[in-house]
Amino acid sequence: MKTRILATAFALAGSAASAQDLSATLPDSVGAVAPALSAYATDDLFASVWADETLSVRDRALVTFAALVTRHEAGNLATHTELALDAGVTPAELSETITHLAFYTGWGNATAAAEAMAPVYEARGVTAEDLPALDPDLLPLNEEAEAAREETVQSNYANVSPGVVDTTRDILFLDLWLRPALEPRDRSLVTVAALIAAGQPEQMTFHLNRAMDNGLTQDEAGAMLSHLAFYAGWPRVFSAMPVAREVFENRAE
Amino acid sequence: MKTRILATAFALAGSAASAQDLSATLPDSVGAVAPALSAYATDDLFASVWADETLSVRDRALVTFAALVTRHEAGNLATHTELALDAGVTPAELSETITHLAFYTGWGNATAAAEAMAPVYEARGVTAEDLPALDPDLLPLNEEAEAAREETVQSNYANVSPGVVDTTRDILFLDLWLRPALEPRDRSLVTVAALIAAGQPEQMTFHLNRAMDNGLTQDEAGAMLSHLAFYAGWPRVFSAMPVAREVFENRAE
Amino acid sequence: MKTRILATAFALAGSAASAQDLSATLPDSVGAVAPALSAYATDDLFASVWADETLSVRDRALVTFAALVTRHEAGNLATHTELALDAGVTPAELSETITHLAFYTGWGNATAAAEAMAPVYEARGVTAEDLPALDPDLLPLNEEAEAAREETVQSNYANVSPGVVDTTRDILFLDLWLRPALEPRDRSLVTVAALIAAGQPEQMTFHLNRAMDNGLTQDEAGAMLSHLAFYAGWPRVFSAMPVAREVFENRAE
């Protein structure tokens, strides 16, 4: 392992998420049991990956949070909640992220995340006024895109599970996705991160295209893959790479 | 989020699993961190999905329990054990479910489930006499179906892993599947739920057909998919939908 | 369930991992909630599978440990750490295994494993001198194989995520894989076990071939599949079997 001395401490010092925040995500026991792992964390993951400005520290913290929620890493979520808040993700955005991921990665992941987040929110004085409204004015609907999506799902699955068809439309696409508490680009970002972390590249084409329609750049998407290699494991990312490649190539045409 | 006022409180009141049981599966911290998620749970998941009588509350509780065991959601299992017992799943059936899922989702999921269930069983006075026997009279074997299954597995894998071939036959199909503590239809139900929750649609064709051979209706299977969208996440269900569709279509011919 | 009385207690007594060690991985609550599961564990998993000498007890303990780390079974890892150490896996090898699996199954799995392992290491007096060095002399590189791997990844993904291409080369293949703290055969063994446990057979061809190049026999690989059926669930193994078959057949030609 070559120690990579980097100017990146400056990059992190320049953001609200400091090197201290990152170190807090590494339990002391790692140093006691696997000093080499601790060194990889400090030298490569924290000082190099997190400092690569292709994807902002704020986005990296949000993507990491989404991946850990998806993986049900309850024990690691409190420190990553702190990290995300320090990196500029708002309490409302994190709250909306777990609401979104309840639907995209399963209810129990979101409730376990809430239990890890609650003490952090309480310690920081986050109150109900800081959190997303129950019935906000919704963002405008792209009616053409929604009609196309609904037509596809209806024609494929109306006879398989009308319940899935109906709830997908009424709860997800006419409601959840239109809630303003998370920018559409960020909502797509956490969705794609969740799909990669869950090992579901077969569901990624639609959502990566949507993410890029919503403003995610190809460079940012590539940096997200590199970031998630650490948090979701290399094989998850290598299974997602062919899908990303195809999406990028089709959009370039 | 439109508040969906529903007559479904009646449906739940009519079963042993009350609205209180469902609320108990929602930790207070969800309301503190994500009030919108709490509202989705109450208005959509509890009042609407659980109340859809296409799949009984008893079956929904069993399917949810199986999904949570598969996802290693140990922290959520005690309340879901209570819910399942109140909904009419017997202690013997839950016990047999984790025994079955030890083989279908991994030993550690079942042992973690046992640790979550033990205090509930003790508090309710469940004793050894209430639990499945070690060596019961087995259900009759469908010898033709078993011969076909064995022939397929032998011809494909005898040279790959004789251990898998032998244990699959001796432990799973000539023993576990014939234990009477869980109706074959319910054994299939929890198996399919586990495969969807684990993200293994590629293993679902055999087991969904078997579930329907054992009495699961197509409407119930469709309602299970809709139910699991909440507990395993929408993408898991959308990856399972094409397999369900093909099974349904092939059986209709 | 036929009780399988076996001579295998002898086999286990002959290794450092005794029947007591295996029993310690079965919490008492399993007997209280699911006596049949407890009997399957004792009669089939412990007395029969673990005693099959096609794969050594030491390898079984390492493979099981890798699977549990991958599945984030933090609650089961302390007893399996004890079991692995008693079976002859060294503290340095387990330490290096979690360092390796941080990259292959996600950072949070490795840090959770470290937290479970730390008290065991402390109780056994394992100190920093017993653990892998940070900057060891690396094993020699197979330059031809590495050039081929790099060429494939570059040509496919240089435009998708240069970060993934670079870190895969610099951190994984020019560093991590060359660290001497884990024999290449064992490093491959835990990698393949992790891929099976994570449900990623699509990434297995490269690593199973590499494992066999590094000395894993086909019989051992088949026994690993049979072993992992218990710890990762039958469906994970049945999804891996076609890949193993194809690898075995291609190597036989």
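Read from first to last, the chains carry the letters A, B and C; within each, the first residue is number 1.
Basically, contacts are C-beta pairs under 8 Å (C-beta built on N, C-alpha and C of every residue); 3 or more make two chains touch, one makes a residue touch a chain.
Just so we're clear, the structure is a prediction, and the values are computed from it rather than from any experiment.
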C-alpha-based rotation, subunit A on subunit C, 0 to 180 degrees, nearest 5: 120
Examine where the copies subunit B and subunit C touch and state whether the two sides share over half of their residue numbers (same) or under half (different). different
Chain-centre distance (mean CA atoms) for subunit B and subunit C, in whole Å, is 29
Multi-chain contact residues (two or more partners), subunit C: 72, 199
Along subunit B, where are the residues that touch subunit C in the complex? 72, 74, 95-96, 98-99, 102-112, 114-115, 117-118, 121-122, 128, 131-135, 156-157, 159-164, 167-168, 171-172, 175, 179, 181, 194-195, 198-200, 202-203
Give the list of subunit B residues in touch with subunit A in this complex. 1-3, 25-27, 29-30, 32-37, 39-41, 44-45, 49, 52, 54, 67-68, 71-73, 75-76, 197, 199, 221-223, 225-227, 229-239, 241-242, 244-245, 248
